[in-house]
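Let me begin by presenting the structure, written as structure tokens, before commenting on it.
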């Protein structure tokens, strides 16, 4: 187990290096001029000012040199400063909680709802509930998220006034409910479908027949055996989807004006703030990889037949 | 979503125009307060701190001052135009609070060197002079007197009693410190280019490759605690107006320790101070509190203002609808909605700006005035204003809107919508081969406008036209490289409240907003003659003539003049715009 | 796998196979009498009521999908039904007007016939989806087969590269990449979407190859001395394609909405390109006042996605041999 974890962690190093380099390369390749981006388009920038900015941020260094210098600083925990002279580390520290709260809320909401709907659909397969779950989740897949988000915001915040329309000033949970629901909506179809398939498969397996033959009650069979076995594949998807949710927050945080990581990274791209984009990107990747590992470990715990080597 | 572009683009004119400098301030001031082209036009303030036009956008159809009074209300001081605002000072203690939604870049920087002309920086800092939107004229603020005999050497005497928010006195040194910090390229401040009016700027900011020979501005000398002697790089009668920019505001001695920290938590001398703690990384809101020790005339009328920053400006309007903010600047589609939903809560704002259609004459196909005229005349400007802008703008007949002094001319012959004439001009020009790409930057309104123009060219002239959007930085890079292979629609604003400002930034060599790379000896001469003019009449006449030259050449033809509005909760009164639409925060009071 | 020890690669397959909604059944049941975690196949056909529902679930969506393809290929056949088939014939006078005879859906912001535009919009949206799915399928089959069949270092390298793309926050990556591309066409948008779509498919395919490669007849063919290429092409790929095929149509639905999403973020297609994404993005700014702008493209998009998803569900039963 420990050996397994260590090996997985070691494998992460090349992956992390590869991804950060890719982001670095992409940000470097962004068209436009970072110096001009700070000053604002169409603004005169004195040559001396330009020289000072270029020197300060090493903008003229070769890409590889910039990358190595950046990674060197990163190893010491220094995320650097963005082109506005603000500390990226402080920005991440401030934005991180917002995204985590949003992501976790959406994750729990989406996961619970998905498993619930999927289980019900699976148990009552072919019934009205099953058909409606199928139809409902498919419909959700067919509406772009921004449409959902704007409509939800208009209805629940502007028209009904139940929830704050944007920002995080009302704190958790009030400020997070609406965006989290909008984010969670896209998790539900996948989880529901997966759970349904999984429950169905288990219901039809031999051990259920055995249990029925033994005279166990239907409820007992479903809760004790079927659900437990059915959740195994769901766990792995749920684990990975937390990563997706956090990256998907780019959209939702923008629409709901929430100062999280996604919000920061989008602004970073718009302003050519390489340090912000690379810093947050690296962090998101790291989280994703760790979650991946965690899921696999959890999988091993849930399913005793899998031994991690 | 996430359209920071429109607001940023709106800033285009502001700082750049300050680069090219103008000696006509005195004339201008005279023309504004006295014999302005339009009684309601009240703007003045080249440096962009606080100028405004209180005339409503649709000036021709409504009483010049109607919106003004409805906006300011009778409860407050402002619009009635009393001689001084002494009444303000005499008012009781500030009471109440409200919140305002702004574009997130308003809170990116707060100190003078980095942040110039936003209404937030105007609330935090007060420079030597100030533009009084209500009275429509430049007034002394920290300055007691600003004197010169040759427009080049100036003596500035400061008022007593001004203090920073920490109680430190505001001295002559505070201004010198601020200007020197901005002028120092090592600090990489955005206000750097504002400092090029001072003698000694080039020694600090030499041309590329040369070494700096000075670290402070030789043209700025502190005589004593209350006296500054300033030498400019060249005579500039606009100087008192330029001083009204918040980029020219003073900083306390403590700022120099760490500009980055000061930028987040500045100690200013304005009517409002930053609440305990200032901005922290990742913050999207800032609380401003009334500064009781403010020595200026226009003291804060409310206890505190919560400033909320928005990345996605469409969220601002929905937040207002939901009651989460009390004040916002709206335009475009949101303004159209607001006009039906909140008709009595709008204060119109006419931007000192124009949206133009530019032609790439470096492409030989466009190097034909008849073709350019045909293309321009095939555009139905009024339909664009009515259908796409929902009436929030005026179709252009000249370069500057009527609300801008010197503007409202009807010298753009190519601005008339006349399909038949356009067709025959196109035929005279020998037709057009190939298709036209019409460029703009990523901005929803601009994109809709370019699509409409392409449709009009296709329908009215049978020219195949298509549109393309580029990131704004990329587009301007392509302008300076003259590498664009098509026509383009861009916004241009000015911080000089006169037609002169737009002409100067759009049509003179070296201006960053001269997107077409235009230069015309005659126009340049007329503009410099204007600056040397002995009277307002001659000044206006020269500028008008210069405008005629630019319009006749049709390198860049005006399309429309956009307008916006300040949308405010019913509990606010005294809402009045500054230049470029931000609300003058100190003038607002809360009732009920 | 039969040694019930999973290396990290196999383990990931476990999770990600399921993630791909496939019905992975291990070749051999594991000791203990219980089904493996992955033995949760979606054997819909056993429930009689479900089976009854399933028939139209295959044929109805199939017909709809064919119709969508037809509209995408020949929009001119459909756009003119109400007499105004030119999507670029616009007049600002009609800007945002609602439906009237000859213009059942009304007009868009530019005053163009909305029905014709929505019909023409099918092309870009469907084309992008097909391009993305086709190209990433090719990549998935080639890389998945190599990794799953040869295993060892080949597998390690391919898997690590996949990890890089998996770990990369896809949306952030797409925004950055599309920002670096000056002009955005159907091709560039499709290319960038494909760049982030192939790893998921490759993972699914690799997982089923891993399994197929151990099947008796493949082992037999290898022992009989057949060439690797031949075995992969004639035995491994055909027998592993099921799970992948069944997620393809699901992916098409996802990519159509993703295209709309990119446009919304300002990095996708832009007008004058006609696509549902462009239409929805414009409509989003007007939806409180001009709801028809949002309604009709949404409706077309939803129905199309629905058709593909349902077809995917149906196809899974047909194509996946193990689900029989």
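Note that the chains take the letters A, B and C in the order they are written out, and that residue 1 is the start of every chain.
Just so we're on the same page, a residue touches a chain if its C-beta (ideal position, glycine included) is under 8 Å from a C-beta of that chain, and two chains touch if they have at least 3 such contacts.
Note that the structure is a prediction, hence the values are computed from the model and not measured.
**Q** Point out which chain occupies the most central position, where each centre is the mean of Cα atoms.
**A** Chain A is the most central one.
**Q** If I rank A-B and B-C by number of C-beta contact pairs, which comes first?
**A** A-B
**Q** Could you tell me the distance, in whole angstrom, between the mean C-alpha positions of chain A and chain C?
**A** Centres of chain A and chain C (C-alpha means) sit 20 Å apart.
**Q** Indicate the whole-number Å distance between the mean C-alpha point of chain A and the mean C-alpha point of chain B.
**A** Distance between chain centres: 40 Å.
**Q** State, to the nearest whole Å, the distance from the C-alpha centre of chain B to the C-alpha centre of chain C.
**A** Computed from C-alpha means, the inter-chain centre distance equals 48 Å.
**Q** Touching two or more other chains, which residues of chain C qualify?
**A** 179, 182, 264-265, 288
**Q** For chain B, give me the residues that contact two or more of the other chains.
**A** In chain B, 1-2, 471, 474 touch at least two other chains.
**Q** Give the residues of chain A that touch two or more other chains, as numbers and ranges in rising order.
**A** Chain A, residues with two or more chain partners: 31, 146, 154, 251, 266.
**Q** For chain A, which residues are in contact with chain C within the complex?
**A** Residue positions touching the partner: 4, 7-8, 11, 14-16, 18-19, 22-23, 26-27, 29-31, 125-127, 130-131, 134, 138-139, 141-147, 150-151, 154, 190, 193-194, 196-198, 200-202, 204-207, 229-230, 232-234, 236-237, 239-240, 244, 246-248, 250-251, 265-266, 269, 277, 280-281, 284-285, 288-289, 292, 295-296, 299-300, 302-303, 305-309.
**Q** Can you list the residues on chain A that touch chain B in the complex?
**A** For chain A paired with chain B, touching residues are 31-33, 36-49, 51-53, 56, 84-87, 90-91, 93-95, 98, 146, 153-154, 157-158, 161, 164-169, 251, 254-257, 259, 263-264, 266-267, 270, 272.
**Q** Report the residues of chain C in contact with chain A in the complex, numbered from low to high.
**A** Contacts found on chain C: 4-8, 11-12, 14-16, 18-19, 21, 23, 30, 32-44, 46-53, 160-161, 163-164, 166-173, 175-177, 179-180, 182, 253-254, 257, 260-261, 264-265, 277, 280-281, 284, 287-288, 294, 298, 301-306, 309-310, 313.
**Q** Using the touch rule from the top, collect the residues of chain B that touch chain C in their complex.
**A** It comes out as residues 1-3, 314, 333, 336-337, 380, 383-384, 386-388, 442, 444, 447-448, 451-452, 454-455, 458-459, 466-471, 474.
**Q** Quick one: which bits of chain C touch chain B in the complex? Just the residue numbers, please.
**A** Residue positions touching the partner: 88-93, 95-96, 109-112, 179, 182-183, 264-266, 270-272, 282, 285-286, 288-289.
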